Amino acid sequence: MLDTILGLAAANLLSPLILFFVLGLVASLLRSDLSIPEAAAKAMSIYLLFAIGYKGGVSVSDHGVDGGLVLTLVAGLLLSFILPVVAFGLLKVMTGLSRVDAAAVAGHYGSISIVTFVAATSVLQSQGIATEGYMVAVAAGMEAPAILSALWLATRGQTSDQGTEGGFWREIFLNGSIVLLIGSFVIGLITGPKGLADIESFIVSPFKGVLCLFLLDMGLVAGRGLRTSGNILRPGLVLFGVVMPLVGSVFGFVVAVLLGLSPGGAMLLMTLSASASYIAVPAAMRVALPEANPSIYLTLSLGITFPFNLTIGIPLYLTMATAWGG
Amino acid sequence: MIETSDAKRVEIIIESPMEQRLTDALNAAGVTGYTVLPVLGGSGRSGRWSREGQVSRAGGMVAVICIIREELLEDLLDAAFKVVKRHIGVVSVTDCQILRIERF
Amino acid sequence: MLDTILGLAAANLLSPLILFFVLGLVASLLRSDLSIPEAAAKAMSIYLLFAIGYKGGVSVSDHGVDGGLVLTLVAGLLLSFILPVVAFGLLKVMTGLSRVDAAAVAGHYGSISIVTFVAATSVLQSQGIATEGYMVAVAAGMEAPAILSALWLATRGQTSDQGTEGGFWREIFLNGSIVLLIGSFVIGLITGPKGLADIESFIVSPFKGVLCLFLLDMGLVAGRGLRTSGNILRPGLVLFGVVMPLVGSVFGFVVAVLLGLSPGGAMLLMTLSASASYIAVPAAMRVALPEANPSIYLTLSLGITFPFNLTIGIPLYLTMATAWGG
Amino acid sequence: MIETSDAKRVEIIIESPMEQRLTDALNAAGVTGYTVLPVLGGSGRSGRWSREGQVSRAGGMVAVICIIREELLEDLLDAAFKVVKRHIGVVSVTDCQILRIERF
Amino acid sequence: MIETSDAKRVEIIIESPMEQRLTDALNAAGVTGYTVLPVLGGSGRSGRWSREGQVSRAGGMVAVICIIREELLEDLLDAAFKVVKRHIGVVSVTDCQILRIERF
Amino acid sequence: MLDTILGLAAANLLSPLILFFVLGLVASLLRSDLSIPEAAAKAMSIYLLFAIGYKGGVSVSDHGVDGGLVLTLVAGLLLSFILPVVAFGLLKVMTGLSRVDAAAVAGHYGSISIVTFVAATSVLQSQGIATEGYMVAVAAGMEAPAILSALWLATRGQTSDQGTEGGFWREIFLNGSIVLLIGSFVIGLITGPKGLADIESFIVSPFKGVLCLFLLDMGLVAGRGLRTSGNILRPGLVLFGVVMPLVGSVFGFVVAVLLGLSPGGAMLLMTLSASASYIAVPAAMRVALPEANPSIYLTLSLGITFPFNLTIGIPLYLTMATAWGG
């Protein structure tokens, strides 16, 4: 058991994906001026969402839509609602964060990191483990609900006076990555394998290479964050950044078991629950909870939890899921 | 010679996620136009940041420039202040002369 | 006959290309913040011009240059000169546009939309229909002449006082897309199939995938235009945006028959005649006819005619061309 | 202390396709230099636009900043006005102090 | 009405490779913040350049905007001048009014 | 012998790579507005460094690390130190440049142009000539030392008062391209052929196509430089821009013979010695030698030496290396 974890972790740590993330991390900690143009980074993330959404849709059209999709989606929404409350509790115990800061951080852990999800799928793939194609739809579904919980946690009693008018909720639920992920998923569902054949050599073959470059950029950004705001990370916070994903993954595991997901699907739901947002939620928090200090949630999510999931979390979740699955 | 008229140039540096709200407020305050400039990075009480360090829309800022007739200044500042008051950012006003006042 | 059209249209409507365009359109009509960075969009259009120009040149070097190229090129130039006059007449009848606005719009319909052309070629390709490789050269040739007609229509009698000095014409005839298209075409002609083999896996295999992303962006832009300026589109204008491509395609069809083009070639010439510019001509109009309202010609060309050609026009032109061809 | 000299800061917001024509006119008017800033978007009598909404070079705008000795102002405004008069855009002038006047 | 306070707006156009050195100098001079804007191109005694013409980081420039209390101006100009003196670039100062002076 | 050179040169001149460079050159000399977005150009150069570094590392992990790597690396560093002195001497004889300008130019010729190196490797590859994988590490090693020589040449006697404090040297030795090249090399070394298999279809197949687009951009930039600053190029300077690469290549050749490199490796070392920097060194010179006129070194390196190496130099060095090798 343990050695499988270690074996997987080792194999994982020596994959190009992780090594390029580490390269980025090291480069920016050494203050190299290496950087990926913002437009290129955004283009890569669009490519990844496009590819993963589309492939998910195709695989569903392959195996046909079943009740599993709806059930898992609902379960994902619930996880996204509940996990912030758990995180908030842990933060109150483990750290001295103000309520607003704690609520903002908690929101990030209810939501998801799509890159972590993508990395997990590519590990499953290289292990030849199948998974429910609709997990990408679940990923999209889990992005936003956590924001409601965060705002509720922050403003219990008094109601926030600003920012959360109609426009705000449209921004949240129609944010670019949700729309692109769901849209590509639906298009994949409609066009099916025939459509995939047309664009396969664009979205399948180069996928891993693009992911390497994207993780290089993630490493650069995470390193920059640690360099400029690392001092914010009191031990309690760092510990939270490692414990919370484990707690989240357990929630994900239990739900997956109840839903009877495949080992691959279970592992992905665990990864989603364990991962923390650094795109949708920070933007929402800046609008609705400007008093919360962005350095705290960004550094924690990008500098601690993301690397943890990428290196140790993913192989760990995989082992748990397969150990139970088989 | 071309005649110029006195006006005010208001420059508001604000977080990107607030841009839409700010420009809506400016329109509501009756400004006839504004221009949004990109920002590469900066530093302030909330620390140093740079465009390339952003994965998230949250981090970036923009500079909104609004040239207005002097009499509009107060309404504009009220409107702008409502939007920025809880947020980081900077508002500055400069005297200027403009051509084609009839357009403002 | 009709059912072939409908069949083709249906197949076309459910292709990833169209569906991603629709996704973009819907996303921006719903005011999602989904957007493709400007630099990435420009890079994709450069890629498309590079790939299509080069492939055209290679196929000509394959089949050898014949008189057809020159004749068709001349015919294309003439179409580009004449169609604005036709469009101008229609606009006078169908809409209440001022002369300057009508002239500016007319210019767009004499010129071409390269993405519409690219979409048409990829439909031909998936249908396995061959075509004259030099049609890309014709496409490049048709971009600019319409601008002369437009200026003439706008300023008949008095001569425009500004903007159209020497520099202006250099901008028009050496604009980036013409130079890149012709340049890549010539390079393809010189290096031939051997050269293509070198870069095939860059310009052939990923082509359709890139086109999907590019059409996603086109949908976003078109939707934004419709949202902000849709009110400008009086019924007469909208009707013109649908009728003019049909009229243009008939001109293209007749010319193709006279030239004895292959069905594929005929369909492409029809598409070129039916399509409306939204890159070269708008820029030229801003310089030379600043009084013309850009919202009118951009919304009409991008919001009405482009989607019409993409969805209904292309299968229609294909059916007509093949019906006659075979 | 470092001594500064009075000068004028002229800011011209104009459509990208006119940039070259404007800078040529400025050079002709004898300015010693200028700086061009990108513009993300804006709003005015001709409506609202944003960089990302552009497929075409036609749509965008740029901001040209030109710092000049006061005595040059009139010629510059004449030159600039010739270029912008038929076009959308905004011209504003601010008093400023500069270092190294000898460079202007 | 919202009360505004007098301040100075310093705008420094400098080569990108010098940006870090300039901002370090500004911080050392006690400024509380600054904003960096991208520059598309420009022209000056050292000739004309444009962003797209650059393969190398060497070529580009940036505009650093620094809004300060009047009393800080001299120290800032001294600091800035030390950095730009051997380099190309332009420094201009404008009077302005700001909101929330306590933040500066 | 001579006809082999000519044959190679001809074949080389008619390859897509060169022709796209020429297209860019012509387009910007004709003042077309064709341009590649800065972000796209930067993304392509990142892709090229990533791909070439990684492939180099993989091939070393294939053949195992031998003393050759260390020896060649040291030799490369020495070449980078010495060549500026040679260049400085030639400049003093051939041109009337001030000492500061001469020192700045000299620094460029001690350092390297990575695109020239990439073009050389792709020529070797199409000729089926093997080479030492560690040459990319040597390339990275040769980027910076020349800068020290240049500063020494410029400030002999008095010491430069500014710019060259600690931060400066970190910028130089940790500049983005060095870090990315070395980092990808090391990752390739660690992950080996297995890792390559994962991302092959991203970094191998599309490589040449991307290089074509990148050379198009290089042509555009070089042309822009020649158009705006061509007048600076006095005959003596132009001559230097052609003679110096030849001199450099001879140094590279001798060193390669002493090291006993393979013909392919020798040709690459000659190319590195012959090529002139236009990224790392100009940036360093602006900081440390602002008095040196950038138009001189940029126009010379990009407008004269780069095209010379690309068109005539590379086939010439290849012929010399193979003539000796076999």
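Labels A, B, C, D, E and F are assigned to the chains in the order they are written; within every chain, residues are numbered from 1.
Keep this in mind: a residue touches a chain if its C-beta (ideal position, glycine included) is under 8 Å from a C-beta of that chain, and two chains touch if they have at least 3 such contacts.
Here's who's who by UniProt: A, C, F = Sodium-dependent bicarbonate transport family permease; B, D, E = Nitrogen regulatory protein P-II.
These figures come from a predicted structure and were not determined experimentally.
S.K.: Quick check on the contact graph: shortest path length from subunit A to subunit D, in steps?
M.R.: Tracing touching chains, the least step count from subunit A to subunit D comes to 2.
S.K.: State the pair with the higher C-beta contact count; candidates are D-E and A-C.
M.R.: Top pair by contacting C-beta pairs is A-C.
S.K.: Let me check something: if the centre of a chain is the mean of its CA atoms, which chain is farthest from subunit C?
M.R.: Centre of mass proxy via C-alpha means gives E as farthest from subunit C.
S.K.: Measuring between Cα centroids, which chain is at the maximum distance from subunit A?
M.R.: D
S.K.: I'd like the Å distance between the centres of subunit E and subunit F, where a centre is the mean of that chain's Cα atoms.
M.R.: Result: the chain centres lie 34 Å from each other.
S.K.: Between subunit D and subunit F, what is the gap in Å from one C-alpha centre to the other?
M.R.: 39
S.K.: Let me have the rounded angstrom distance from the C-alpha centre of subunit B over to the C-alpha centre of subunit F, please.
M.R.: Using C-alpha averages as centres, the distance is 45 Å.
S.K.: Spell out, as numbers or ranges, the residues of subunit F touching 2 or more other chains.
M.R.: 33, 35-40, 43, 201, 205-206, in rising order.
S.K.: Where in subunit D do residues touch two or more other chains at once?
M.R.: 37-38, 50, 57, 94-95
S.K.: If I apply the definition of touch given earlier, which pairs of chains qualify?
M.R.: So the chains that touch one another pair up as A-B, A-C, A-F, B-D, B-E, C-D, C-F, D-E, E-F.
S.K.: Enumerate the contact residues on subunit F facing subunit E in the complex.
M.R.: 35-38, 41, 162-163, 167, 217-218, 220-221, 224-225, 228-229, 278-279, 282-283, 285-287, 290-291, 293-295, 298, 302
S.K.: Okay, in this complex, where on subunit D does subunit B touch?
M.R.: Touching subunit B: residues 11, 13, 37-45, 50, 61, 63, 74, 77-78, 81, 84, 90-95 of subunit D.
S.K.: Considering the complex alone, what residue numbers of subunit E touch subunit F?
M.R.: Subunit E residues touching subunit F: 15, 17-18, 20-21, 46-59, 86-88.
S.K.: Please name which positions on subunit E make contact with subunit B in the complex.
M.R.: 1-2, 4, 7, 9, 23, 27, 32-38, 62, 65, 67, 94-100, 103
S.K.: Name, in rising order, each residue of subunit C that touches subunit F in their complex.
M.R.: 37-40, 42-43, 46-47, 50, 54, 170-171, 174-176, 179-180, 183-184, 187, 190-191, 195, 198-199, 201-203, 205-206
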